[in-house]
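Take a look at the structures below.
In the two assemblies presented below, subunit A is common to both, partnered first by subunit B and then by subunit C.
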Partner chain A sequence: MAYVLFTLSVLLVMGFVGFSSKPSPIYGGLALIVSGVVGCVIVLNCGGVYMGLVMFLVYLGGMMVVFGYTTAMAIEEYPETWGSGLEVLGGLLVGLMMEVVLVLWVLSLDETVVVSFSDTGDWVIFEGEGSGLIRGDSIGAGALYDYGRWLVVVAGWTLFVGVYIVIEIVRGN
Partner chain B sequence: RSHLVASLLCLEGMMMSLFIMATLIASNTHFPLVNIMPIILLVFAACETAVGLALLISISNTYGLDYVHNLNLLQC
Partner chain C sequence: MNPLAQPIIYTTMITGTLITTLSSHWFLAWVGLEMNMLAFIPILMKKTNPRSTEAAIKYFLMQSTASMVLMMAIISNNLLSGCWTTTSYINQPPSLMMMTALAMKLGMAPFHFWVPEVTQGTPLTSGLLLLTWQKLAPISIMYQIHPSINIHILLTLSTLSTAMGSWGGLNQTQLRKILGYSSITHMGWMMMTLVYNPMTTIFYLTIYIILTTTMFLTLNLSSSTTTLMLSRTWNKSTHLAPLMAPILMSLGGLPPLTGFLPKWIIIQELTMNNSFLIPSIMTIMTLLNLYFYMRLIYTTSLTLFPTSNNTKMTWQLENTKPMPLIPPLIITSTLLLPISPLLLTFH
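After this line comes the complex of A and B, so read on.
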């Protein structure tokens, strides 16, 4: 199916509209998780297998879980879903309407809008004795530990200091 | 009555869209070294999320709920 990437990007925008219309945080987190899954599949379709895996593990498996139970711990009231209040429903409908207009306009054109998704992801290398096959994105991300040694040190130190900052903020006084 | 955590969710959405865009640019322009940028972006977005959630917890401990109109100490 040639239009799978287009359909997935439309679903991504609709998921973004789902949490930017500001329902209760639990439903916003649900829409963010769905958008994350769809975005991960988009990245996988364009040949970024390693980056999709990183996004699934770190983003959806790490940050969304932390978001989920922090939201469940800090908020206790009657949750407001997409159909309950007029503002949330209005925002959702306006966002979806704008997306539908954009999709119809893009489909009415006869040429490619932004970029043509050519074959991506695999690199063929020719070494001394034979030829091999490497994935572009995992090799590129592996170069983080070669050319970007100092960047890894700075990022690791940032995370370490971040943990201390979080502890000090939550402790309060 | 809008929550503070809705703004944190929108920030997360922005970081995710930046990650997807950078990864697709790295794949489409056949420039694998650019894949370093989304990973580092994810690291610093995680730090930002952690600090934002810590602030959310401290606000929720002070005021009970995280409604934005509770943050009115500087109101004249």
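After this line comes the complex of A and C, so read on.
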């Protein structure tokens, strides 16, 4: 059970290989859903219950659904899937093979490579006086609108301008 | 561009650079760079043709790769030191990644291949913004991390940039590509003294922005994008034909013009640090830059190419195109050397 984080990370990278071998976007969206689910479970395993559930709702349930609908509108007659041509299949197999080699190499080492999986910290838990338990992730989301107000403003403005930019690029005339 | 979207996009581009230069948290510095890049893409595609689309895609791919590497460096630095401030010392491996990412953003060799092609695929005013405004944010970050930068790799990148920029521009007739290669060369010069005296980098950047702006606006007056079109400047705007000569010579770094001053300061800084071979190599490489500027001067004002008779009448018609800021820019880009003690207050 101590290796569950490691296994989930390996599954995440394999999901990424699935869409970075460049099939048609509809299949890429499928691989993104798999990677997204695994990523959420990683966040849940690190103790970020609120963050993981918010990611499920907003990312997978909101953004991915919209992405799926838009790609379904722009789909071609015979979309390219993982087994439909040598390029995509070759990319997928090379990516998976490199991931297996990396996993075997990391497992054979004794020291930590980038992040140690055995003692990753948990989301910080505070004991307030008389107020009970305060979890780091949900308090962090609240602090985003308090201490991080400027960041929310900048992020919101960037998303707003992103729509203008995409419309300009696509329908610039 | 849609006149409703234009102020929003230009405001976002300026705000992105401002956020990067004014932030002390690494995350916001990265956010500013991303805002800047995103808002610059439709500016690159002002005229929608496949060439500008390709230029915008190339720009987007290069800059987003660089942003990814920068984010990796920021997070690695936080893992190693727990620090989010831009003014504190950066550990060596993340500092190397940051330098690579910022070199990719600035168009320094060996990541310089996108600069001439993106400058070529866009209109002249977009190219102006690409080579002047887009350099401000990455250089501000490099200024802030200058104590942690590995000297040897930075000097290698600078020397390579000067060499690649000079050699690459030799066989060009397209003016935007020439200015792109000139930008690569100047980036190489700028980063030479970043570790020794970072104020010289900012000084070189200021003079370079003035020179490049003058060049682009002068070219924009006659809308000339090739050497052949530049050879008709004597006919279109007669007063500008002999004025291109000092501007280009200043860009190439000839004394007693302004462009010589930053190069002089950089050579002085390097020799004060007992480095003689590198400034000699850089100066000799930049002579190639001066050679292809001289070729432009030759076609502009020193010869008259054979043209048909009815194209020789353009100067008799009144020129209605406004000249934005060109006279003060020409004066600034050629005559600043006598007041150099006033400019060199950081010495």
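Observations on the model:
Methods note: the second predicted complex is superposed on the first by the 132 of 173 C-alpha atoms of A that agree within 3 Å, B and C clash if a C-alpha of one lies under 4 Å from a C-alpha of the other, contacts with A are read in each partner's own complex, and residues count from 1 in each chain.
Everything that follows uses one rule, which is that a contact is a pair of C-beta atoms (placed from the backbone, for glycine too) under 8 Å apart; a residue touches a chain by one contact, two chains touch by 3 or more.
Quick caveat, the model's predicted, so the values are computed rather than measured.
In the superposition on chain A, A:Leu151 makes contact with both subunit B and subunit C.
Of the two partner chains, neither subunit B nor subunit C is touched by A:Val100.
By the document's definition of touching, of the two partners only subunit B reaches A:Met51; subunit C does not. In the superposed model, B is the one of subunit B and subunit C that contacts more residues of subunit A.
By the touch criterion defined above, A:Gly172 reaches both subunit B and subunit C. When the two structures are aligned on the shared chain, A:Ala143 is found in touch with subunit B, with no touch to subunit C.
Of the two partner chains, subunit C is the only one that A:Tyr164 touches; subunit B does not reach it. Of the two partner chains, neither subunit B nor subunit C is touched by A:Val4.
The contact surfaces that subunit B and subunit C form on subunit A in the two complexes overlap at residues 115, 151, 155, 158, 162, 165, 169, 172.
Contacts from subunit A toward subunit C in the complex involve residues 115, 151, 154-155, 157-158, 161-162, 164-165, 167-169, 172-173. Chain contact summary for the complex, subunit C toward subunit A: residues 1-2, 5, 8-9, 12, 15, 19, 27-28, 31, 34-35, 38-39, 41-42, 45-46, 48, 56, 79.
Those residues of subunit B lying in contact with subunit A across their complex are 2-3, 5-6, 8-10, 12-13, 16-17, 19-20, 23-24, 26-28, 30-36, 38-40, 42-47, 49-51, 53-58, 60-61, 65-66. Across the interface of their complex, subunit B is touched by residues 12, 16, 19-20, 22, 24-25, 28-29, 32, 35-36, 39, 42-43, 46-48, 50-51, 54-55, 58-59, 62-63, 66-67, 70-71, 73-77, 115, 117-118, 120-121, 123, 136-137, 139-141, 143-144, 147-148, 151, 155, 158-159, 162-163, 165-166, 169-170, 172 of subunit A.
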